[in-house]
Each structure stands twice: as structure tokens, then as C-alpha cells.
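Structures given as C-alpha cells follow.
In the two assemblies presented below, chain A is common to both, partnered first by chain B and then by chain C.
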Partner chain A sequence: MSLASPHAAQESLTFRIGKNLFDMSEVAGGMAVLLVRVLWRIARANFDWNEFKTNMYKMGVKSTPIVVVTALFVGAIAVIQAAPMVQQYGAYGLLGWGAGFSVLRELGPLLTALMISGRVGANNTAELGTMVVTEQIDALRILAIDPLGFLIAPRLLAIVLTLVIANIYADALALFGAAIASKAMLGVEYGVFLNGLTSGLLNFGDVAHGLIKSAFFGLMMAIASCYFGLAVKGGAPGVGRAVNAGVVASATGIFILDYFVSFIIG
Partner chain B sequence: MISFRNIHKSFGPKNVLQGVSFDVHDGEVFFIIGASGVGKSVLIKHLVGLLYPDQGEIWLDGQEISRFDELQMMAVRRKCAMVFQHSTLFDSMTCAQNVALPLRKHKNLKGRSAEHEAIKLLEKVHMEAFADRFPAELGDGMRKRVAIARALTLDPQYILFDEPTTSLDPVNARRVDKLIRELSDTLGVTSIVVSHDLVSIFGIADRIVMLYKGQVRLLGTREEFRNTTDGVVEQFTNGYAEGPMDL
Partner chain C sequence: MIAIQGLQKAFREPVLRGIDLTVPKGCLYGLIGPGAAGKSVLLKHVVGLMRPDKGKIFVDGHDLLQMSELELQGFRKRFGIAFQNNALFDHLSVGENIAFPLRRLHKDMTEQEIQDRVDERLRAVALPGMQDRSPPSLSGGQKRRVGVARATVARPPILIYDEPAAGLDPVSSQKIFDLLKKEKGDATVIMVSSDLDRLLTVTDRVGMMLDGKIIFDGTTEQAQNSNNEYVRQFVHGLTEGPL
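Coming up: the complex of A and B.
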């Protein structure tokens, strides 16, 4: 039988809830401060250009295969889900519009961000965390090199640009995948699909909507992965915990931002 | 000249430094010795702003620096290089790129010319043949020598060495000792060496300070340490398992 009083148990629960809230506030505040400090360096062009180029290659170019494969299937999946309704109402002419609307505004930016978060965000946290535990960040400071300008600002810029660029070609590939699936599953001619896309129901605003979201998702992913990487404590297990926390924070933040950005820009 | 004055530092309930005071003179090879965990590395990290004292002052060339912010510390760090215990070379860069990095950032040297200068510095530590290797491909002693070359890039007046011979074989350890001595004799660099390697201490030190229980136990030359009658110092410098030291 437990000797702890019910009051003590209640206190303990209250304490734990309060502590979790404080911890979450600390993380949110830490990320906000880091974001402001990094953006200030980018605004003054006070970042390492070589690191930026290296990261663009590592994060952008090397993510291409995973984005290409995912995007092709995303478009096809959108058509599979829409197929029963399209067949029931014979709305074949709207298939291009339906696929375009969902891919450009939602599926393209969201799934591209989640795929890149798994690959780039996790890698970024692990790399920075390892640099912290092996004192490489301190070594930079000792060499009178600002770690935020040298390491973090180029990464943030590279992640945001990677997401925006990847979203552009992911949108195109997803629509290509959708067109192929439409033809294969429903016999919809490419011309009919293209007409649905370009008949005026979709416009540049829909593309811009997705690109704006991608930029916000990139900022979220970059700042979460860098923050948890720089906050690593406790050697290799600490790096593992940071990667886990970084991926969870990125994904959660992306969905929350998706809601608010969709709500605000319509 | 470097001056530590009444430095106190605690981590939680643990009082690591409890009023440490001593001066380091220009051009000397100065050793900080003491048992593991006594706060030797903690003390030198205060000098370059990796840690800040709870109480006390640190003077560097007539300037009180212990309350400097990160930006002000940049100037101190250009004067005061540090070689970490585990070398801390950047894994993603070759040896030449590691050494070239501070040259690119502070001396505005571009690509080829930065690497050319880096190789000249690697020659000083006899590591030019390994310029294109990555740190993971080198042994501890080699990495340490590359880290010393990197520390020399900004022509520092002071170099802090944190256990430079730990984990090295005796031959490589003596090579590193020789290098530290040469830096002082030929370039006039002031070296502060944290160590408990007795061969190094009695081989190259000009002066030594021993920390014990967070305070200075003895400050003096090699001869003064050899001739001391302090049981604690005697036990440490002779490496006796039994004695008055409270570990």
C-alpha cells in the first residue's frame, strides 16, 4: 500500500504539469531568441558563404531522390482517393483542378516538409549535437568565430531555400504523377487533366500559398533542429534525445503552422 | 601578463574553485597541476570566456576581462588560443582546411592562399604530409599537433593547453612537450599547460602551480616543487598511492 497521501499525489501531478509547461515555454522562448539572432546575422550578410554552399548541396541536392519519389506517389494517391467520386458523378474534367488544388495548397508543401524534416532536420540536429559534445562549437568560439554566423545562419538559409525549391518541383512531379494515375485508372486523357489545371479555377495564388507555407515550414524545421542540436547535454545519449525532440518539435510545429498560415492567408 | 585574483566557481552544490589567485608571466611555460576534478580545466576556461567566475577577477595585459560579453571576448580569444584535451578538430574538414579556417575568417585569405598558409603552419608541427587527411584518419598525437598548428594561426600571445599529452604514447608526448617549449623559446609565446603528466611537468615547466581542494597549494619553480616538504605536493609529484592527499 502506498504511504503517499492523495494530496501529495495531486501536488505531484500539478508539479509535473507546471514543470512541463515551463519546459515548453523555455524551448519556445529559446527557439524564438535563436531565430531572431540568426535572422539578424542573415540580414547583415554575416554568415559563411562556403558553409551555405556546402549545406545547399548536402540538404538540397541530396534530398532530390526522396522528394521525387514521394511527390510522384502523392499525386497518384490524390487521384486514387478522388476516383470513386469522380466516377460516380462523371466529373472527369474537374480531376485536374482537384489534384492541383490539393497538391499545390496542401499536400505538396506538407509532405515535402515532413520528408525533408526526417532526412535533413534529424541529420542537422545530430551533427550539431555531436559538435557540442565533442567541444567543436567551443573550439569555434575559441578561434573567435561566431558559431551562429558560421554554422547556424547558413543552415537556416539552406533549409528554407531547399524547402521552397523542393516544393516547386515536388508540385510539378505530383501533378505529373496524378496525370499518369488519372490516365491509367480512369482513362482521363492528359489534355483533359491539363485543361482542369489551367482552365482558370487555379491561379498563381494557389502556387504562392504553397510556397509561403514551405518557407514557414523551413523556418520551423531549421530553428527546431538547430536549437535542439545546440542544447545537447550528456554525450551520445543526449544526442539521441535531441534528435528525437527535434524531429517531434519540427513535425508538430509544421502542422500547427499549417493551420495558422492556411487560416491567415486563406 | 595574466592574473587570476580570488577566483571562485561552483557547479550546483560543488565548490570547485575557492579563491584561486596567481600570476602568469609573459613568455613562460606555466603548468597548472592537481588531481583529476580539482578544477584545472575549469580555471583556464575562465580565461577565454567559456566559463565565468562566480566571484573574483581575471586580468589580461592590464584589462579586467572576467565580465566581458561574447563580443568583447572575441578580441581576447584572438590573443589567447586554446588546444583542447581532445583536439576538437572539425570532423568535416581536412587538416589543411581546419588550419585554414581561422585564416579565412580573420586574415581574409581566400581558398588557395589560405590553404598554402595552412600548410606552412602544418610544417611547423611536422604534419604537412597529412594536410589532405581528415581528423578521423589520424592518431591522437597527430590530431594534437594539427590542433596546435590551428591554434598558431592567429599569432597568439598566449596558448592554453588542456592536458596536451594525455592519451599519447611517450614518444608523441615528448614531441608535444618539445613543441610547447619551442613556442616559448623561439616565438615568445606564453603557454599555460594543464597537466598531470609528471615527465612533462618536470621536463619543460618554468613555473608550476598546484591546485588542491579548490585553492593554490604551492606555486613555484621545478626546483621548489622537487624540494618541498609539503606532504600533499610530495605525494602528487612522486605519484604515491598512499599519503596525506584527500581524494
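Coming up: the complex of A and C.
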């Protein structure tokens, strides 16, 4: 059959869609299996404590600058978006609440996760992928070291913790950024902003909502970045492709999880 | 003794197509063959890093494929392996890379004993005083020699070298082979190398792989005088021939 035949093209399109779906479920299944195996090791405390500390520093501490910058601007952006409504209705007292609500529940966790995914997740995939192509993982296994306990479990824990802690900082900084933007753009006094924030419309539940999301985003990012790192094939170019796939999968997964977690915990 | 029977492994395509091979205890075995013949894949089966689709592997009488992952983890302590891609841990210094197997497998050694052994290994591979360097800062040949030092540091009874001399100049290459031979003791050694001129100066037996099969297995002398046209072409590096 010639390639130009419309029938052939149609077949190959269905084939391609099918193949893509198949590949996607293979990846999702692979990640689920990896997650279970890693959680099992964490549950038995069968993981490398030093590796955890190293990664906490590398992932957590070193992410501070991007978290600070992102968070300050996220707060300011929330205010810019709310400004027209606030001005139209003169609802200056509600500005703190409005900014706080969107920052704590949605913008803080989501944007922090996406920023950290670009840095920590990508780096994690590259590091693991390099270890695969240079046979470092095999070298660990030869020395009777379980790579999942030694490398993956500590990274997963470090990523989830990094995200939750970063989110706490980000919440505070974003609200700080929002307060400054309110004063600078709308002339809302800090006291008024703070009052809107603490008037009782927002409570710990809103903070917790964001933190729970962060934990899920961290899990998603950790599993995607580790999965694609461990699955690297084909030398250095393979590492590049894996980093790419890992970041895309993390981001996609984070948005999907965001929807479901928001829906479920309301 | 390492005994391999009917070993088959396919990834997308078959890579090992029924390997039968016996490496006697204490033998220094040279495994040769053109690129992509399946040499590295075969070595990874021997140390239990890969599981075959079919076939059996016995190491000192133990059936590798009957072992659980946990038993296998323990069993792997018998092997020292220098990987084709060096497999040095980038986040550890050269000294810590070499010390790594000792710290894992010999928890009773004191820090001083470990450092002494690392020193001694570095001198043996002609890299004295390089403890504090980081692996990415080494040249290809230096990495290779650190890999050899790490493989041998715990003195395992079975040693596997995948291209231990690739990227080394002829003199360093000969030195590495001489060192490996000198230190072999009663260990069983399998060595893959493309540097045939030098490899064959140290081997007891030689096997040649081609397209996932062992097409020759014999003493070094038999390899050098073989009438098999593939072996003859490969061993003598001729351009005329079936390869």
C-alpha cells in the first residue's frame, strides 16, 4: 500500500493515537509502581539519611532565591488582578482577604511547584539519568545497595518536604508582596490590608488547603523526575530527552492533581 | 567457576542468542569480539545485574537465577567490576570512590586501614595523591584507572573488567594489564578488551563473541593459531576477511 493512500494515513493516525495512549498508560503505570516501591522503603525507614540531608540542602536551601522572587511577585500579581474590582466597589477592606484567598489556596502552591519543578525536578532527572548512562546505578547494585532506598527514597522525601516548606515561606512572602503592592498601587494602608487578611474570612483551613496541595505536587514532581531519570536510554542525548519529558510530565501532573485535590478537599 | 548455559536475552532485538561458556576457577579469561556483539550485556548477566530470558548461570555452584533480589544483593559482594563507562560516583572524591566498597563491605576496617588501602590502590594504578580530586575533573584514562582501583580494593574472588585499558596509551595500557595479572592471585577474572595485542599477553583462555554467540573458546595459544576465519581476522587485526 502506498504511503499516499488516504486509508493508510488514517490507519497510521489511529495507530499513532493508540500508541500514544498506550505509551502514556505505560508511563503512568510505571510511575505508580515506582511510587509504591519507594513509599514501602520510606515506611520501613529503609533509606539513606545522608543522601536525604545532602538533597535537602541542594534542593531546599538552594531553591530559596527563586522561591523568594516568585512569591513576592505572585502576591503583587494577585493584587493587580483584584484591583479593578476593588476600586469599582470601593471594597478596599476586602483586598487582604481576596489576595490571601487566591494566594494561599491556589497561586502560592501552584507557582511555587512549577518554579521548583523547573529547577529541582529537572536537575534531579538529569542527575539520575547521568548515573544510569555512566552505570553508576549498576555500580551501586553491585555493592549490594538498593538504588531505590539509597537514591530515590531520600530524593522523594526531600522534594516533598522542600515543596511544603517552600510553600510556607512563599505564602508569607506573597502576602508581604501583596501588602506592598496594595499600598503602592491602591494606597491601601498596611493596617487595612492586614485587617482584611485576619478578619476571620480566612482561616487555617485555607493555609492547610495549600499545604496539602504542595505535598501532592511534591510527590508528583518527585516521582515524575525520578521515573524519567531512571528510564534514560541512549547516552547523553537520552538524558536531555528525559529531562524534557520529566518536566512536561511533572507540570501536566501538577495541573491535573490541582484540579482533583481542590475538588476533593474543597 | 562460572558456568553459563544456553543464555538468551533480547531487548528490542535478540542480543544474546544462546551462550554456553565455562570459566574455570582461577582462570584469567579474555572475552573479545566486535562492537555490539553483546560482551557487556553478557558480563552484566554474570554479576546478576541483568536477568536473562532463558538459560542458566552458575557461579561457584550457586544458581544465580534461583536467588531472590535480596540473596542476590548479598551474593554480589563476591564480584568486583570495572564498568565500561567507569561508573565513578560523581558526588564523591576519587579517594571516597575507592573507599566506597570497603565502607560497604568491610564495616570492621578502621578509618586508617581504609585510607592506607586507598593510598596503596592509587599508587598501584599510578595515580598517587589523587584522593581529593573529583571524578569529572579527571582525564578518560585516569577515570579508567580509578575504576580499576575501586574494583580491586575489596579483593573480591571474582573480577570483571569491561575495557579496563580503553583510552590509555600503549604503555599505561600494558601497565594496567600487567598489574591486573600480577594482582590476580587465585581470583577468577573475566576481561573484555579491544587491545588484543596486550590482552593476549596476560590471558589464560580466550572466548570470542559475535552477534550474541560464542564462536570460539580456547587457550590463548589456540586463539592465536586458530584457523577459524573470524578469530584469525579479529586476533590479527586483518582487513581482509568475513568481519
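We adopt the following convention: the second predicted complex is superposed on the first by the 262 of 266 C-alpha atoms of A that agree within 3 Å, B and C clash if a C-alpha of one lies under 4 Å from a C-alpha of the other, contacts with A are read in each partner's own complex, and residues count from 1 in each chain.
Just so it is clear, a residue touches a chain if its C-beta (ideal position, glycine included) is under 8 Å from a C-beta of that chain, and two chains touch if they have at least 3 such contacts.
Every value quoted in this text rests on a predicted model; they were computed, and no experiment measured them.
Steric overlap between chain B and chain C is present once the structures are superposed on chain A. Once the two complexes are overlaid on the shared chain, A:142 sits against chain B and chain C alike. Of the two partner chains placed around the shared chain by superposition, neither chain B nor chain C is touched by A:184. Legend: residue contacts after superposition of the two complexes on their common chain; A:265 is shown touching neither chain B nor chain C. Residue contacts after overlaying the shared chain place A:133 against chain C, while chain B stays out of touching range. Of the two partner chains, neither chain B nor chain C is touched by A:13. Contacts of chain A with chain B, set against its contacts with chain C after fitting on chain A, overlap at residues 130-131, 134-136, 138-139, 141-146. On the chain C side of its complex with chain A, the touching residues are 44, 47, 49, 73-74, 76-77, 79, 81, 83-91, 100-101, 104-105.
In the complex of the two chains, the chain A residues touching chain B come out as 48, 50, 130-131, 134-136, 138-139, 141-146, 150. Those residues of chain B whose C-beta lies close enough to touch chain A in the complex are 48-50, 70, 73-75, 77-78, 81-82, 84, 86, 88-91, 101-102, 104-106, 150, 153-154.
Contact residues of chain A toward chain C in the complex are 54, 130-131, 133-136, 138-139, 141-146.
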